[in-house]
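Same chain, two partners: chain A is paired with chain B first, then with chain C.
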Partner chain A sequence: MQHVIQLGATALQIGAVYILFSLGLTLIFGVMRIVNFVHGHIFAIAALVVASLLPRLVEGGFAAPTAYVLASLAGIGAALGLGALIYFFGFRHFQRDLVGSFILSIGFVLMLDGVLLSLFGGSVRGVPEIFPGTLSVAGAQITMQRLFLCAVAFLMAAILYWALAHTKLGKALRAVAYDHEAAMMVGVPYGRIAFLGFLIASFLAALAGALLAPVTIVSPVIGTDYLIKGFIAVIIGGLGSVPGAILGSFFVACIETVGGYYLDSSYASIAIFTLVIVVLLFWPKGVLGRG
Partner chain B sequence: MPNDTPTLSITGIHAGYGAVPVLKDVAITVERGSVVTLVGVNGAGKSTLIKVIGGLVRPSAGTIHFNGADCTRRRPDEMVRAGLGIVPEGRRLFGEMSLRENLELGAYARTDRHAIAEDFERVLTLFPELRSRLSTPAGSFSGGQQQMVAIARALMGAPKLLLLDEPTIGLAPVVVDRVAALIGEISALGVDILLVEQNAEVALSIADYGYVLETGRVVMADRANVLLENPQVKQAYLGV
Partner chain C sequence: MKIQLKSTAAIVALSSLVAPAAMAEETIKLGLSVPLSGAAAVWGKGAEFMCETAADEIREDGGISVGGETYNFACLPYDNKYNAAEGTKVAQALLNREGVRYIGGSLGTAPVKALQSLAERQGVLVFTVAWGASLKGTDHPMTFTQMNTPGEILPVLLRYVAERHPDAKSVAMLNPNDATGQETEALASKVWTKNNVDVLTSDFYERGTTEFQPIAARLASMNPAMIDLGATPPADAGAIFKELDVLGWDGVKIVEVGTGADGLKATGGAAADGVYMGAGVTFDGDTVTDHQKAVNTRAKERIGESLNAVQIGFYDSLYALKAAMEKADSIEPEAVADSLPRVTFRTFYGGEIGFYGTNIYGRDQQMRLPIIVTQVRDGQLEEVARLIP
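And then the complex of A and B:
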């Protein structure tokens, strides 16, 4: 029983990060019909800025939570700046062009690999503990930091869900995702909505990076693994579908956790890829995907 | 701006997709207070012309004046803001969204909540059968109802000029009559209308003025009742 709760808690924590990650991927695909492989680097830059700024701020006399908030704001700011740059100089010119945007993505990924490596160095960094303590649930241990991560991730997912259904911007994003020409014909400014969608997605990835920095080991290549897992999550759930991204994230997190516990983490990876193939055999567009 | 400025005046429009020319030297005028129709068979370039006016396809040459202002290279949302309403071919509703959301999106470019609320009521008066189904997804309506929703959505933008692209296609005769009557009602509300149609008989019988488009060129232009009696039009478009 204790195992089950511990595994469930771990799956929830990993799933929370994947949700933030995959929501961004699915949002960008929905609005711009491109696959953004740079998403992992947007996540990475936020984590790297937090990891390198936080120790300095703490040394400089800030209390850990204050320093963390400041470092996170800086990290998210840097990630949004990067997102805006690659949108304006790149993806803006390759909207609704899967092949073109794919090639552009690869170019950005190679370039940013180098940029991040030279800016932050290749060494891994640890980040001081921000919220000390653990919570004990029926014998299972959950650190306060991971609890905080989950809470923020789920809160953000809920806010996004609500905003897509009830705000003017949310309705415009859904309309553009459904039929961008029809949206333009009712007066939705496509370019602005695509940019805002890209920024919101970048924000979610950056938030995931800032949340994850204190509980993991940060290096310039940290984004790649999450990109692949987040991408698998949206493929399983259905590209462009928000509930699909959430469902897929939990699915991947569960396999990874359970497989990693009972077998081996490499078997867990194999299991994930095998299951993707199985899912796509039965649901070629993902479980909740359409057109 | 003098009151006799035409609502829409396009001249010398050339447009196409890539190297394929579709429209060649097209000129059309919609006078204030009028219903104008553009008839032509499939592939004549009718929908391309709608997209050019709506800002979705850039013309390679020519000018578009809307309400007296040069709008040749405006973006679609700018055209809507300037008072253009479009009922696109195939209706293009946001099928997964509710009827209410579709109508709200129709008013996307507007900010005056009171006027939007008034128009919401006015539109529902025009389409009373829609009132009880505001939370139904637009994709689950019948073809005729979807056409009403598409018109209602365009009207929510408070247009000065309404472009209708094949609004009667695929509809039962009784629904075609309803659409035709509606166009008259909308015109009476002070909205000018450019009706693009394959169904020349219906279109010419409700329009004041008509253009015939063939392979991207305007080949005839006259008062609609004159075109209805024109032997060439009768033979080619009215199946007489």
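And then the complex of A and C:
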């Protein structure tokens, strides 16, 4: 029983990260109809800035939690800046153009690979634990750092879900996602809404980067694995669907956890890709995708 | 008179162009097939740094004297991205476009296999740090190994660990799911069994994985006395040991290809303590020379990490080539390959070494490098055993 609880806790922890990541991807696709491979680099730059700044701030006399908050703000700021640049000089001109945005996206990825490697170096950076300690739940072990990450991820998912349903911006985002021409005809400023949607998605990726920095391997290539898993989650759940992204994230996390435990990590990866094939065969637009 | 003056001026002008060319030293291009991007970029950048360091030192010492001419080395690093597809492109670029006849060093079993097949057909001499045993042997007379590989390290490392922990009679193994991991795993399983250690499980994982909790949960569930992470890169290994620590597992930890404490500590923190490694190099002891310290300091400034055995191989290969070229009095790769097993040269580790390996591989193609067993103790990498083969 204990290992079942441990596996459940592990799936929840991993799922929380994938949720933050896939929410951004699905939001961008829903509003702009583009596939954004740069999402992983926006995530990576936030994690790298946190990993670079945090030790310096701690050495400078700041308490670890204060230093973490400051470094996270800087990381999120840098990621939002990068997101804004990419939008204005790139994706703004390729909205609702899948092929064009795909090629542009790959170009940005190649360029940013080099830039991040040059700026931060290739070596892995260590980030000290901010919330030390472990919580034992019915024999299952969860670190406080992971617990904090889960809480923030679920809170952000809830806020986004609520905001999309109840705020003016949320309603505009949904209107644009359903039918951007009809939305513009009733006065929704599409360009501004698309930019804000892109920034919100970048913010979610940056937040995930800042939260994950103390518990993962921070290097310039950190975003790649999360990007692949995030895309799988949104494909399973349905591109453009927020509940679909959450559902898909949990699917991926559960298969990764249970498959990795009972079989072998390599087989778990194969199982995830097999699941994508099965989903695409029976639900070409994803489980919760719109027709 | 006017014509004579013009002719003289033309001759002077021409000779001023020709003279420096005639006096210039010849350059021998050394191709490097290394990862310069992605997770293993730090190894490739360190390899490039060490190749350049050795090339500069050799140039300052007067270069390579062959047949009355002076030659110098120039390093040409190409990014193989640690995979076979890019390794093939790099091989074609280096051999067909750049026309290199020597590979000063190459990294990654899969990309090196791609390089080796093309190089052998063109008579190009290849140095490699790749761990794959299939790259060695009498079928590959132009390939030489510039770093200890599982064939050298594992018998020494695993026997040392088994003897130090006589009560530990079971091990769980994990390796990356690629050519390096598979070849390492095959040998390590045999060596553990030979040392009367029971292999409970031997799993593989995909490089680039970032969430290691399920892997750690599976390994811990076997309750092994030891966990051997084989060819897992140090940063991944640190993350796995950290998750194992959270789950309460506390046993003997081994990373066979472990090259340094930096990556391990960055992700593992305190959980990295106690890890045994087979390819680590320390720069803190009394035996470390000023030259080693100075080069390591420069390397840390450039790549952000201490040097390791992978990168040092790219320094040693240049001195080996210099010695072989001077002994053969030729820069033809076949003549140099014939000469290499019979020369000794200065290694970065200190002292003069040569090549060996006839007993294992059928020919002397392995540098006779010290096998160093290190362990992370109180956050520092310490040498705990050294064997000169």
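In this section, the second predicted complex is superposed on the first by the 290 of 291 C-alpha atoms of A that agree within 3 Å, B and C clash if a C-alpha of one lies under 4 Å from a C-alpha of the other, contacts with A are read in each partner's own complex, and residues count from 1 in each chain.
Everything below uses one rule, namely that contacts are C-beta pairs under 8 Å (C-beta built on N, C-alpha and C of every residue); 3 or more make two chains touch, one makes a residue touch a chain.
Since this is a predicted model, take the numbers as computed values, not measurements.
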Check your understanding: Is this a clash or a fit when chain B and chain C both end up on chain A?
Key -> fit
Check your understanding: Where does A:168 make contact in the superposed view: on chain B (first), on chain C (second), on both, or on neither?
Key -> first
Check your understanding: Just chain B (first), just chain C (second), both, or neither: which does A:196 touch?
Key -> neither
Point to revise | Superposed model, chain A: greater residue contact from chain B or chain C | key: C
Check your understanding: In the superposed arrangement, does A:115 touch chain B (first), chain C (second), both or neither?
Key -> neither
Review point. After the superposition on chain A, what angle is formed at the C-alpha centre of chain A by the C-alpha centres of chain B and chain C, rounded to the nearest 10 degrees?
Key: 140
Review point. Touch check for A:125: first (chain B), second (chain C), both, or neither?
Key: second
Review point. Just chain B (first), just chain C (second), both, or neither: which does A:217 touch?
Key: second
Check your understanding: First (chain B), second (chain C), both or neither: which does A:179 touch?
Key -> first
Practice item. In the overlay, answer first, second, both or neither for which of chain B and chain C A:17 touches. Key: second
Practice item. Look across chain B and chain C in the superposition and give the shortest C-alpha distance you find, in Å. Key: 37
Review point. Tell me, which parts of chain B touch chain A in their complex?
Key: 54-56, 75-77, 80-81, 86, 88, 92-97, 101, 104-106, 108-109, 153-154, 157
Exercise for review: Under the touch definition given earlier, write down the residues of chain A that touch chain B in their complex.
Suggested key: 168, 171-172, 174-175, 178-179, 181-191
Check your understanding: In their shared complex, at which residues does chain A touch chain C?
Key -> 3, 6-7, 10, 13-14, 17, 113-114, 117, 121-126, 128-129, 134, 141, 143, 216-222, 224-226, 256-262, 264-266, 268-269
Review point. Which residues of chain C touch chain A in their complex?
Key: 37-42, 44-45, 177, 203-206, 208-211, 213-215, 217-218, 221, 234-236, 238-239, 246-248, 262-263, 265-267, 269, 303-305
